[in-house]
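The following pair of complexes shares a single chain, subunit A, combined with subunit B in the former and subunit C in the latter.
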Partner chain A sequence: MHNVIRNFKKNKELLFMVLPVTVWLILFSYLPMFGIVIAFKDYKIHKNGFLYSLIYSKWVGLKNFEYLFKTDAWLITRNTILYNIVFIVTGLIFSVTFAILLCEVANRRLAKFYQTTMFLPHFLSWVVVGYFFYGFLSIDKGFFNQILKIMGKEPVLWYSDPSPWPFILIFMNLWKGTGYGSVVYMAAIMGIDKTYYEAAMLDGASKWQQIKHITLPMLKPVMIILTVLALGRIFNSDFGLFYQVPRDSGALYDVTNVIDTFVFRGLRTFSNIGMTAAAGFYQSIMGFLLVLISNYIINKIDSENALF
Partner chain B sequence: MKSKVILSIVMVGLLALSIGLAGFGEARAAAKLEPYEIIMYVIGTPQKDLDLVSAELSKYLKEKINTTIKLRQFDWGDEYNQKMQNIIDSGQPFDICFVASWAANFLRNAHNGAFLPLENLIEKYGQEMKAVIHPLFLEGIRMKGHIYAIPNNKELGKQSVWRFNKKYVDKYNIDITKIKTLEDLEPYLKLIKKNESGVIPISADRTFNPYLPFDIIGESRTPYGVYLDTKDYKVINKFEAPETKETLKKMRQFYKAGYIRADVATTIKGDDEKTGKWFVGKCDTQPLADIMWSQTLGYPVVSTPIHEPIVYNESITGSMFAVSVTSQNPERAVMFLNLLNTDPKVRNMIDHGIEGRHYKLVGDGVIELLPEHRDYDMPSFALGNLFLIYRYQQDPPDKWEQFKKFNAQSKKAPTLGFVFDPSPVQTEYAAVCNVADEFNAMLYTGAVDPNVYLQKASKKLKAAGGDKVMAEMQRQIDKWRAENSK
Partner chain C sequence: MTRSEINRFHNDDLRKRRVGGNRFNSLPLGGEICAHLMVGLFSFLCVFPFAFVIIISFTDEKMLVENGYRLFPEKWSLAAYKYIVSSGEQLLQSYFITIFITIVGTLMGVLMMGMFSYAISRSTFRYKNFFTFMAVFTMLFNGGLVPYYMVCTQLLHLRDTIWALILPLCVNAFYIVVLRTFFKTMVPESVIESAKIDGANELRIFFQIAAPIAKPGIVTIALFLTLGYWNDWFQALLFIENNKLYPVQYMLKKLESSIEFIYMYSGYIDPVKRVEIIASLPTEAVRMAMVVLATGPIIFAYPFFQKYYVRGLTVGAVKE
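For the complex of A and B:
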């Protein structure tokens, strides 16, 4: 106890700084967590308010989860996980590469310009991006089809042909996410002690050797942390990307239907708070398990870089 | 013995006293109501003068039923749905909200107990409105015998029309009254395609669907229902019906001939209306729609009906008010709704705003809008009995008579008054809805070959548990028929 108080006194400025976030987390993340029980209940509204309704609604076990494991379940789970794995891998490679490249640009002003340009898509909503992209893929006035026309080729019905869509989605995700993703890595690179590079240069190391033997190893902890955190969201998908960008085209469902869009389409009008809660619960619990497992594995291989 | 007699006298006395007191209490309650404030959610783009009108309306209601009102408004679409759903799920107290088959998840929330059953309250406090609302509305709205919302009295049925761009109708001297089916339309589509380059013969987006003679049960996007002229109420999958196949083959032919845009299945909202370069489209009508459309579009259109008006469950649940289970005083809420449907002063104030500020009366029940009107522009159809609203100067004098005539012509759909409860097959229903979303737009617009895709869709529906959904529908509908001797 004494220790706790002393510790508190010693770090009071730091603790004060995390106070707002702590309060926020408790209010908006921990407190509502008891609402998870809705996923196991047949929620009926009662006039005595939310808590009363929650407590007195009937328990239904796992019934709310069933729809996630019927018929299309395999397809949507496969799509969700595969896309996310590709997103994590490509996102990591591109973010790190661009971060290193940007740090190597000698002209600081130009580097800032590139960085801002790459960062910009992050602030656009998928709805806007979806329309913007429609300008490229639209059948009669689209940019791509105009080019095909000039080249004397048949126009492509982009929104009816599933085959290019996995690539389109991966590209769009990169286009929107790379700038944002590279910021953390750039900060980490800035934090690397310059003397390492000076020493390497004195020894005659080339740029490539410097990157390979100094920058990348120093970035490893950040890469691991970000990847493990991304694994925690592997069952969640970016709704806007999979719904707005393909314009909800039925012909593309085989490659664009993911857990989030499936839940939205199935419960849009007959929304049932129990079933939606079940979907969220399922996604979080699977993500949580994945984080634990991957952290366990990292602990075995390289305990220094494990999250906890 | 003696004590027993005394006891019974005392008992009788007490009983008489209590009855007397009760009667006295009732009389007093009617004479003087407790003050109460109604919180009411309406749909539409939030208006600047909403509070002003709330205050003015409160003044009037204070005299009438000792009530004040607080109007709150959320914007069309997702905003209204999501905000209302949050308010409902979290059990916040409010009195009245706008609901519809397409807004605030009416069916689901009614099943979940979010709205009060109103039939007893209507008997007590709503006799006047019961007399003016078309009986088919109140008949069709019942769910398991209860009335969970009060329909806004307006046009009853749904009627699809072919809407033509008058420019081309005049140019080619087309007699549109003879056009009903896709076949009737075909020669003219060909004509337009040949002679008018740059004009799209059928203006349509992904929501386009040709008329098919079915009464769909539950969600309109699912393919399960009965034939409109059914006698045995057998639930069918319309993707397997020969009528569907024939119609969709025709659509496919149109699509291939270029009468409809190649990317129609993914077009969210086209800009045809703005450019005016279109020949015909399919719309839902209401009386005087041609005048209204021509005004909004800025160029003349004419229309011709595809079928007679039909009263579906969906069309009568198009605009309603529900009373929340969290209301502190549901009696007062119903009293207010009663006024909204019978008192022209209340009805017009909530619709047009304050006289002298937002509009001025220029005749008996005829108004002219003032510039301030832009701060209070409300959706008339979503605010109670339509027949009480003052006419605009440009409206024909028999405006509401035409509505009444339209209602008199309307035919009942076979399942009117039956409401499907999907909760026993919720898992399958969610999957079925996904399949429907996948195929509807492609099939109805002719973007894919129906010979292949109808089968594909049916197969996928089966895999999603469609047969179970159909069996449950049949079970519920048979039960409903037995109860209502249909």
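For the complex of A and C:
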């Protein structure tokens, strides 16, 4: 006991410095973690506040989950996972390709310019991006429907026809993320020892051979790490992309509803808080397990890059 | 990525070097053209939608109604911007909110996370592992949106307050990890020890020695935070009803949905009122002009902070 007090005293300045963030973490991260039991309760909002409501709401066991898995769980899980898999694969291909191309462009000034413009979409909010693409997709005024009209074709009702949306969402994800992704890979390419290329050149290797036998193999560890990390987040999705870009259009829910948007809509309508919380719980637990698994895998491949 | 690779990357400016090291090992002409075409096309696609929105915002309203959005409008007009200048109270108010939360939030976030990261970077801090774990664990697991919402509204009573826009975004475990890496790698332990011997306490060491040395890291995190606040609309979507508290991004989002609302429910509204309501709403060009004005500052500032941003990204990939 005496020791504990002495240690506290010895570290009191540093303890004081960690205090604000600690309080923040408790309020905004750890209390909600305990709030996860809402998923097992028939949560009723009580005027006495959060803790009172949490403690005095009735336990209902797995009822919320039963209800969830009877209704939307399959659809939102399928959408979330399939989109994420496609995003991971296309994102990897695009980021690596553009990183290599940017490094190969002889005019460095132009390359820098390309990089700057490609990175730009990353800095915009999904609301703004939604407006950008509304200019193209608007049903009566949009660019695309005008072109269709000139070609003598029927206009497409973009915000109520689900069939093009998987492609639109995949394109939007690439549009916003490629610049960001290629920056990371460019950093890795810049880190490759130049002498490899010099040696290959002396042996008469063509540029394509150099990329295939030096650049790509050297990038492999980074690619693996980033992919495994992305797999760990396969149950999460970018809320703005799936909610704001399709303008929350009900006709598109079949192809745009993911776990995050499902939880948000449940929360907004307050229709079934228990089931909504169950969906959130399901997402958190699966995400947690996947992060642990991916970290385990990274540890096996290359322990230097593991999270813990 | 190891630290040495990253250092090498930062030491060599992108402009000064290229893979292969010398100009004799460049792409064949066909390949070079091909690379330019691909990268150029993609770069063009990245800025084209913004250019299009700018064009729409300068198009005459009548042309928009008649012809739709065109790349080369028949008639240009400044009317949208004039309208905003003369009656843009909401935009002004939203701008004020956004700037306020961005400044206050960034300062708070940098101060809080700076102190925290400095403390957990100190090898003599007895509880550093505990607090590091406490922060990192939030990256792995979270309670989800519903309990978060309940805590914010029922326990902290943040609904419809400006703090709902500031507090939830000011701390982030990833930023803490990045900052800690900066402190660990840039501030030598010996400097801190000698300051201690001279009688400085930890707070003073942080403010007068550690923070100035690790300034690049702090600038990087300040940029991350600034961007996060400027672009945020989700917190407002969750917690804000009062339009006096709308940040710019959320105001834009609202603008779009209220028009959709009128569009969808126009059958159920009294026709006289409907005309009135539609007339009172910003027109097409004005909406796009507001998008331009909301995005403008980011676009202009961005080439300057891109460098710091990239460094933050790559340092974040370093692990202790």
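In this text, the second predicted complex is superposed on the first by the 206 of 308 C-alpha atoms of A that agree within 3 Å, B and C clash if a C-alpha of one lies under 4 Å from a C-alpha of the other, contacts with A are read in each partner's own complex, and residues count from 1 in each chain.
By our rule, a residue touches a chain if its C-beta (ideal position, glycine included) is under 8 Å from a C-beta of that chain, and two chains touch if they have at least 3 such contacts.
Predicted, not measured: the structure shown is a model, and the values here were computed from it.
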Touching partner for A:Phe235 - first (subunit B), second (subunit C), both, neither: neither
Partner chain in contact with A:Asp140 - subunit B first, subunit C second, else both or neither: both
Partner chain in contact with A:Tyr185 - subunit B first, subunit C second, else both or neither: neither
Subunit B versus subunit C as contact partner of A:Asn272, first or second or both or neither: first
Partner chain(s) touched by A:Trp165 [first = subunit B, second = subunit C, both, neither]: neither
Which of subunit B and subunit C A:Tyr197 touches, first, second, both or neither: second
Which superposed partner A:Gly49 touches (first subunit B, second subunit C, both, neither): both
Partner chain in contact with A:Arg247 - subunit B first, subunit C second, else both or neither: both
Partner contacting more residues of subunit A (subunit B vs subunit C): C
Doubly contacted residues of subunit A, that is, touched by subunit B and again by subunit C: 43, 45, 49-51, 53, 138, 140, 247-248, 263, 266-267, 273
List of subunit A residues in touch with subunit B within their complex: 43-53, 66-67, 70-72, 138-140, 157, 159-160, 247-251, 253, 257, 262-263, 265-273, 275
Complex contacts: residues of subunit C adjacent to subunit A: 1-2, 4-6, 8-9, 12, 14-21, 23-28, 31-32, 35-36, 38-40, 42-47, 49-50, 52-53, 56, 64, 68-71, 111-113, 115-116, 118-120, 122, 125-127, 131, 134-136, 138, 140-152, 154-156, 167-168, 170-171, 176, 201-203, 206, 227, 230-234, 249-250, 252-253, 256-257, 260, 284, 287-288, 291, 294-295, 298-299, 302-303, 306, 310, 313-314, 317, 319
Subunit C-facing residues of subunit A, complex: 7, 10-11, 13-18, 20-22, 24-25, 27-36, 38-39, 43, 45, 49-51, 53-54, 97-98, 101-106, 108-121, 123-136, 138, 140-143, 145-146, 175, 178-180, 183-184, 186-192, 194, 197-198, 201, 207, 210, 215, 222, 239-240, 244, 247-248, 260, 263-264, 266-267, 273, 276-277, 280-281, 283-284, 287-288, 291-292, 304-308
Interfacial residue positions of subunit B with respect to subunit A in the complex: 85, 88-91, 105, 107-109, 112-114, 219, 261-263, 265-266, 268, 325-327, 422-423, 426-431, 433-434, 437-442, 447-448, 463-465
